[in-house]
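Notes follow once the structure below has been shown.
Chain lettering (A, B, C and D) follows the sequence in which the chains are written, and residue indices restart at 1 in each chain.
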Amino acid sequence: MPPYVHRVHYYETDRMGVTHHSNYVRMMEEARVDFMEQLGWPYARMEELGVLSPVTAVNLKYIAPTTFDDRIEIHVGVKSFDGVKLVITYTMTKLCDPPQIVLTGESEHCFLTPERRFVRVKRDLPEFYALLVGLAEES
Amino acid sequence: MPPYVHRVHYYETDRMGVTHHSNYVRMMEEARVDFMEQLGWPYARMEELGVLSPVTAVNLKYIAPTTFDDRIEIHVGVKSFDGVKLVITYTMTKLCDPPQIVLTGESEHCFLTPERRFVRVKRDLPEFYALLVGLAEES
Amino acid sequence: MPPYVHRVHYYETDRMGVTHHSNYVRMMEEARVDFMEQLGWPYARMEELGVLSPVTAVNLKYIAPTTFDDRIEIHVGVKSFDGVKLVITYTMTKLCDPPQIVLTGESEHCFLTPERRFVRVKRDLPEFYALLVGLAEES
Amino acid sequence: MPPYVHRVHYYETDRMGVTHHSNYVRMMEEARVDFMEQLGWPYARMEELGVLSPVTAVNLKYIAPTTFDDRIEIHVGVKSFDGVKLVITYTMTKLCDPPQIVLTGESEHCFLTPERRFVRVKRDLPEFYALLVGLAEES
């Protein structure tokens, strides 16, 4: 699966001269949206099915700074899925010579109905369940 | 009416060392929310009444830069209201010695139902209509 | 010149369900950066030459809303340049069928040294001057 | 020490109707800035001393959503400091009746010179060192 590439915008930098650390959480979302789309489960489809997937936790390790105009390649993977809690991993690499890892991160998600009750993913979305479990096993 | 004060956050600066210009549009929203609340018409009340007031135009003149930790006093006024189109004005002053005007701006709004049809403000919200027209006349 | 395309991110939407109006100012910056790069005058080159080009004014007219995942094509042009003040125009079109204009805007810029004195563009950057004047005449 | 209070802005919400999860990282920064100021070590003083304190890691657990106009009280503490790595904790409580914990988080920081070399905090900033170690022991 081709990785997502984010090019750092001027408005994402701060007066330390680097990309503000909060923006990487947004890049993780961008890459996750792209990942779900490539898997055939775009957010739009989830929303039509009445499934919300809020973020329940994030953690990020900042390894090296980036700045305006840097291109960041984001590799996304499924770390684990137990039918309730999904953990997604991110590795961000700055596209320079040689490429440099700038961040590793994880996000944790659950699946809710619009009434904020848990979706029974295995029963109600069996294909989606099998896909995620399969990806987690590969990782 | 006491003005709204915004203190510039670190994440609002950019690598030129100053507050990124896009953030002033957000400060205008903050000050407008405060203004409506002080007028007795907070957003929450508008939303309960089923009235949306999207922004239909903004214009900003940037007079001087600000940066992290600066305190910006924002004076809000009603420039005009014809029952359909509301024009709000903003003057932002950096609280230093002597105070310095850093921005002037305007935003234009209309009033819509959730189905995105125009609300007849004069007929359906007569008190709100009178308030805005009165403020426009004073200005 | 191919237009810049911005795809609306989830984090750019607000609870009215649409792209928050402040984000279009950021899209204008993204498109301007791309435009300058395509002209052969990327920001990085300007910064190396010690030239800052702060935004001195913006104005935006919001014509129709957009939301998550919409693709917005942004056409950028030079409206005027008198050697001191540059006015850039933006037309944003949602890529749907048929395409729909969602925003028109302008930004105004000057050119400063790091000490915040005006750059004499015609004298010090004659090629850049000729390029911008030429683009303004075409428009 | 009085806690920092953040009031959720409209532009911080997303189309799920709640505060976008990336914004809590920014609230953590706001609260940290306030905390350092209350301790007598505001960012401005650190910057004058030539000390940068980049974020090297963050982790957040999202416990309950918030939305526009909610007031969030943020309690900040020092979890640990070994002279190189500082870990700060955050507990965010929505001010409603009864108050509700909405987020717990941590951020990790180091201290660098402008040339991005480690500051020897114990030797070069002994009062600051003692203060942080003392706060960590209390916690």
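Everything that follows uses one rule, which is that contacts are C-beta pairs under 8 Å (C-beta built on N, C-alpha and C of every residue); 3 or more make two chains touch, one makes a residue touch a chain.
Just so you know, these numbers come straight off a predicted model, no measurement behind them.
Relative to chain C, the most remote chain by averaged C-alpha coordinates is D. Judged by shared residue numbers over all numbers used at their interface, chain A and chain D contact each other through mostly the same positions, with over half in common. Spacing of chain C relative to chain D, judged by their CA centroids, is 35 angstrom. Between chain A and chain D the centroid-to-centroid distance comes to 24 Å (mean Cα coordinates, whole Å). Computed centre separation for the pair chain A/chain C is 29 angstrom, with centres defined by C-alpha atoms.
Residues of chain D in contact with two or more other chains: 10-11, 16, 18, 22, 26, 29, 68. Those residues of chain C that touch chain B in the complex are listed here as 16, 18, 21-23, 25-26, 29, 52, 54-62, 65.
Chain contact summary for the complex, chain D toward chain C: residues 10-11, 13-18, 20, 22, 67-68.
Residues of chain B touching chain D in their complex: 9-11, 26, 29-30, 33, 42-44, 68-69.
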